[in-house]
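First chain A sits with chain B, and in the next complex the same chain sits with chain C.
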Partner chain A sequence: MSGISLKSITKQFGDLTAVDAVTFDVADDEVLCLLGPSGCGKTTTLRMIAGLENATDGEIYLSGQDMTHLPARARNVAMAFQFYALYPNLTVSDNLAYPLHAEGDSTADIAAKLRDIAQVLQMDHVLDRFPHQLSEGEKQRVAVGRCIIRRPNCFLFDEPLSRLDVQLREEMRSDIKKVLSGLSRPTVIVTHDQLEAMTMGDRIAVMRDGKVEQIGAPQDVFNNPANIFVAGFIGTPQMNLVGGIVSGIGGAIAVSIGQDVIELTGELAQPGHGLKLGDAVTLGMRPRSASLESESGQGILSGTCELIEPMGAETLLRIAHPAGQIRAIVTDRQGLKEGGTIHVRFAQGSYRLFHADGNRIGDMV
Partner chain B sequence: MADLNTSGAGAVSGAGSVAKSGGLLAWLNAPERRGPLLVAPALITLFVMNIFPLLWSFGLSFFNYRANRLTVPSFKGLDNYEKVLTDPVVWERFQTTGIIVGASVTLQLIFGFLLALLFAKTFPLRRILLMLVLAPMMLSFVSVAIFFKLFYDPTLGLLSWAIGLFTGEPFILLATPAGSIAAIVIADAWMWSPFVMLLVLAGLVSVPTYLYEAAEIDRASPWRRFRTITFPYIKSLLLLALLFRTIETFKLFDLSFLITGGGPGASTETVAIYAYRLGFQFFRTSQASALAYLILFVVIVLTSIYLYIVNRRNEEG
Partner chain C sequence: MAYRKAAFRKPGQAGWLYSLVTGVIALIYFFPVLWMILTAFKTRSDALAIPPKLFFTPTLDNFKSVFFRDTQAGDAVATGFVQYFVNSAFIGGSSVILALIIGTLAAYAFSRYPLKGNDTYMFIILTTRMLPPIVVIIPIFLMFRVTGLSGSYIGIILLYTAFNLPFSIWMMKSFFDDLNPEIEDSARLDGSNDWKVFFRICLPQVLAGLAATAVFALILTWNEFLFALLLTGSDTRTVPVAMANTIGGEIGVDWGLLSAIVSLFLIPVFIVTFVLQKQLLRGVTFGTIRK
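Entry: the complex of A and B
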C-alpha cells in the first residue's frame, strides 16, 4: 500500500490545462521532489494532494484511501507553505500547537510535543515571539515545525527554501533532510531548484507544461535524461545540446556536427534504433566530460573560444561552433585565450543521443 | 496733438500705474506665493465660518450674553459652566443621549459586522446589493428622518399596518418614551450600519488567503479560525468604527429633532437638542455655548481614549 498515489490527475482552469494526467506513487517512507520551471503545474499538483484544489479528473489515494473528493481537513495532510503562512497574531508556540487542537490532544501532550519540536529544530529561544519578530530562517523553521508536529498521512512542502539566502538554504536543506528521514512518511517537496531536488529527494519528478517528463532517482535522471527538456533542465552548467545529422550507420553511428564527425561507440553504436542516414538528431554532452585536445580530428569538436569564465577550481569555456554554442569545463586554462581556436573531445560514453522529437535514443550508462 | 499729448501723458501715468499693479500681480504670482494664494479662499472661509465662531462662542460662554437682548453682556467667569453642570436637566439629557448611543452603536456594530461577513463572500447580484445596502449612509439626515416618520406613522405607516394585521388596531410607536427611543435608535442604526460594514469589509478582504488554507490544512474549527485569524485583522477597524460612530451618535440632533421633536415629553431629547433649545428657544446663548463646550469636551475625551486603544493595538499587532 503506497503512501500517496495519483492516478491520471488533471486540473483545468478554464481553457488552461495546468496539470495534465499526472500519475505517480510515493512510497511510505519516500521523499519525492516535484521539479520544474515556474508555471509547470507542480504547485497545483501539490495543492490537489492537499485538497486545496479540486482535481478536474483523476484519482488521489492517501494511505490507500480514495480522497479525491474530500476537503483538505478530512485528508489529514501536513503542509508547509511557500510564504510560511504563519498565523501573525499567535506566538511561535501557539503557531506550532495550532494543528494539535484538532487532534484533541491534552495540554500535557501538546506541551511535550512542543518541547520535542523545539529541540529538533533548535527553536527554544523563540517560542514566545510573534512571527514578525522572527528572521526568515526562523520563520521557515516554525513553518516546518508546524508541519511535522503531528503524524499526518503525508507531508507536503511548497518551495520550502525559496525565500532563504544561499547559505541558510544549504543549512536548512540538510536539516530538513535529516528531519524527514526520521519521520518516514510519504513526502512531496515542490521546488524549482534542481540542487534542492537532487539533494533532498529520493526520487525526482521533472514536470513541464502540466506533464511529468521523467520520474526517477536523482542520479538516474541526471545520467539518463528521458528527453531534451530534462537533459537541459537538470545539471549546471547546462548540458550541451547540439543538432547533427546521422552520417554513418555501419559498425558505429556517426553524427556530423557541422564540419566535425562524432562516432558513437558502446551501446549507442548497436543497430536497431531505427536511425537512417540523414536523420536529424541532437547530441547531448555534459560540459564536465570535456577535455582539451591540441588539434582537430576524429571525435573532436573545434571552434572559437568566445568566453573564458573562471569558476574557482574550474574554468567554463564558451566555444562558438558552427552547430551552436558549446560549453566545456576544464581544470587547466593555461594557454587559452578568448578568440583562439579550441579543440575539445567529450569522453566516449558521455554522449546522449536524442531523436528529432526530443526523446532519448537507447539506454546507456 | 493735444490729444496725443494728453493720451501720451495718460499713457505715461497709466504706464506708471500698470507697472505698479503689474508689480503687485507679479508679486502675487511669484512661484513661492502661488500655493498660499490658491488655498487662501478656503482658509478664509474656514476661518470666518468655523474657527472664528468657535472661538467667539468659547468667549461667549464666559459672559451672560443673550442673543435677543441689547444689554451689554458682562463677564461671569465660570458661572455658566457651573449652572450647566448643576442643572439636573442636563444630566437627564446626557442619560438619554447615552442610552441612544449605547443601543444604536451596538446595533450598528452587530449589523455592520454581519453584513460585512455576508458581503465578503461572492454571490450573484453582490455588487447591486452592496450598492443598495450602502445607500442609507449616503442619504441626508432629513430624508432619512422623513422616511422613518412616515414608516412609523400610525395611520399611513407600514409598521402600524403590519402590526395591525395581528392586533387589529393601529400601532403608535412614538406614543411611549421607550418606543420613541427605539424609533430613533432603529433609524440611526439603519442609516449607519453600512458604514461599519465598509470598515469591517476592508479588514476581511485584507486577510491573506493562504492563512485560511493553512487553517484548513491544520483542521481548525470555524470558531477557532475566526478567533485566531479573521478577528485580529478586523479588530482595529472595529475599534475605529466604534470610535467614529460613538462620536457621531453622541452629537445626534437631526433624526431625533425631525422624527420625534425630542418627545414625547423630553424622552428623546438629546443633549445636542437641549443645547439648541437653550440657545434658540430660551435664548440663554452663553449657557448654550457652555453646554456645547461640555459636549465637545466629552467627545475629545472619548476620541483620546479610543485613539489610545487603537495605537496600542497597532503596536501590538
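Entry: the complex of A and C
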C-alpha cells in the first residue's frame, strides 16, 4: 500500500455527520482534488488525513502505515492552509525552517534547504521579512515553501488559491502544479473551484453532504457525471437539466420535454435500462453542444429568448422553455434578439439521461 | 470623500478647534494629579493658602519627611516608608506575575480545550469579582486568622493573585480567542507538541494582551487598600495603608506630606505603564493581533 488510503472514514460532530464513510486512495505521485460546495465535508476529510480531527470511524493509512490514531505531529504531513497560517512572530526564513527544526536537521542542512526553496519559489528578497510585510502572493509562496521544504508522507492543500486575485491565481495554479509534479508525493487539494480542480488534479473527487459522489479523471467526470448533482456542479455554464417524460421506447428512446420530443440514439437508445413509457427522467445537455436551427422540428427545443449575454468569443443565450430555462452557447449571435423565438438542437451523443432518483442511465454515449 | 479624509488624517493635522477641545478635556482629567504633584512641593502654609497658589517657591521638605521624621531631640528617624514601598512593589509584582502565569495558562485552556459547560465555568470565575470586597472581607479575615496567613507576605500575595485571576483569565481568553487556530494547526503538522505550540506560536502573538493585562492588574493591586489594611501586619504593610496612617494626629491632615507620598507612589505605575505601552503598540504594529 502506498500514498494515502482512506477506508470508510466517518466524522460526526454531535448529531451531524460531516463525513460519511469516505473511501479513496491517492497514489504516490498523484494529485487528488476534493471538490464540492461549502459544508460538504471536504475540509474535514483533509483535516482527518492531517490528524487535526479524529475520525469517528474508519482507517487512515499514509505510506502504508495505519495513522488513524496518531497525533498530527507524528504523521509527517505537510499542509498549506487557506489563510496561509504563517507564524506572525517569525521571519520568512524562520517560518520556512520551522518544520526542519522539529525534524532535528543540522544548521547547515537547514541553510542549504532554505537556499533551494528560496530559489524554486523566487523568494530570496523576502527571507528576512515578517509575514505581515508580504503581499498575498508572497504569503502563498511561503506557505507552499514551508510544505515542500521537507519530505512529508503527503501534501495537503486547503483552498490554496481562494485568497488570491484572478491573475495571481492563474499564475500560482501553474506554479504549484509544476512544483508538485517535480516532487511526486501523494497530494490532496481541497477546493470549491472546479477550474482549479480540473486543472490541478490528476483525479477529482466530487463531494456532497459528506459523501463522495464521484471520483475519476477530470475529463471523465466532466463527460460522464454519475448523477444529476455532479452534472450540475461541474462545468460552466452549468449543464442544462430539464425534466421530461419517456414517450417512446420502441427502437430509440423518445423523451418529451414540454411540447418537444427528443429521440436518443446511440447507446442510450439500446433497451435494457428498465425504462417504461411515462417514466419521469431528466435530460442533461452541455450548453456548448447547442446549435441554432431556423424552425422547430424533431429533436429541436423551441422557446423564447430571455437574455443574450455576450461572453467575448461566444454568446450565452437563456431560453425560456416550458420545461424550464435552457442555456445555450453559440458563436454567432446575428439576428438574435431578446423576446424572439429560438430553436436549438443539441448534438446527438451530447445527451445525458438521468433516472428520477438522480443517477445517470447508461455508461457512455 | 471629505469625511473619509478626516477619519484617516495623520496625527498633528487636526484643526485648532479639535486640538483645543481635546486639550481642555485632557487638562480637566489631569488637573487633580497635577495639583497633587504641585502640593507635594509646597510648604504647609502654601498648601492651605486660600485662594490656592499656583506660583510658589518649591521645597523638598515634604519628600524628606516621607522617609525621615524629626524627633523632639532633633534627630532624624526613619519612618519605615522605604519598607512600605518595597512591600508594595514585592506584593504587587509577585501577585501580578503569578496571576498572569496562572491566568494565561487557564485562559489558553479555556479557549483551546473547552470543557463541557465552559461558559458556566467562565461565569463562575467572574462571580468572585461581582461582590464588593467589603462583603467578603469578614470570611477572608477569619480564614486568614485560622490559617495563620494574616500579616504574612504569602497570604496577601495569594489573595491578590486570586483577586487578579478572574480578570486575567477573561482578558487573556479574549486574546487567545482572536488568534487564528490554523496557525496552531500548522505548527502541530510541523512537528510541534502542545507546549511548543503554546510557547513558540501562541504566546508571542498575545504579548500585547499580556502587557495590557499586566498594566490593569498592577494598577488594581498597587492601589488596593481594604484587604491590605486588614490583612497585612506592620512588616508587610503596603503604601496605601501606611499613607492612611499619616492622616490624623494633632496637626490634622498634612496635605504636603500626603501629596509627596502619592507622587512617589505614582512613579512606578507611570514607568510600568509607559514601558508596556510601547510593547502594546509594538504588538499592534507587528501584526500579532491582526488576523
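The working rule: the second predicted complex is superposed on the first by the 364 of 365 C-alpha atoms of A that agree within 3 Å, B and C clash if a C-alpha of one lies under 4 Å from a C-alpha of the other, contacts with A are read in each partner's own complex, and residues count from 1 in each chain.
Going forward, a contact is a pair of C-beta atoms (placed from the backbone, for glycine too) under 8 Å apart; a residue touches a chain by one contact, two chains touch by 3 or more.
Just so it is clear, the structure is predicted and the values come from calculations on it, not from any experiment.
With the C-alpha superposition on chain A as described, chain C and chain B clash in the combined arrangement. With both structures placed on the common chain, the touch criterion links A:89 to chain B and to chain C. By the document's definition of touching, both partners, chain B and chain C, reach A:146.
With both structures placed on the common chain, the touch criterion links A:131 to chain C but leaves chain B unconnected. In the superposed model, A:72 lies in contact with both chain B and chain C.
Put chain B and chain C next to each other and count what each touches on chain A; the higher total goes to C.
By the touch criterion defined above, A:102 lies against chain B and chain C together after alignment on the C-alpha atoms of chain A.
Common to the chain B-facing and chain C-facing surfaces of chain A are residues 50-52, 71-73, 76-79, 81, 83, 85, 87-89, 98-99, 102, 146. Within the complex formed with chain B, the residues of chain A that make contact are 50-52, 71-73, 76-79, 81, 83, 85, 87-90, 94, 98-99, 101-102, 146.
Residue ranges of chain C in contact with chain A, taken from their complex: 180, 182-183, 185-193, 200-201, 204-205, 286-288, 290-291.
In the complex of the two chains, the chain A residues touching chain C come out as 47, 50-52, 71-73, 75-79, 81-89, 98-99, 102-103, 130-132, 146. Residues 208, 210-211, 213-221, 224, 228-229, 232, 317 of chain B are the ones that touch chain A when the two sit in their complex.
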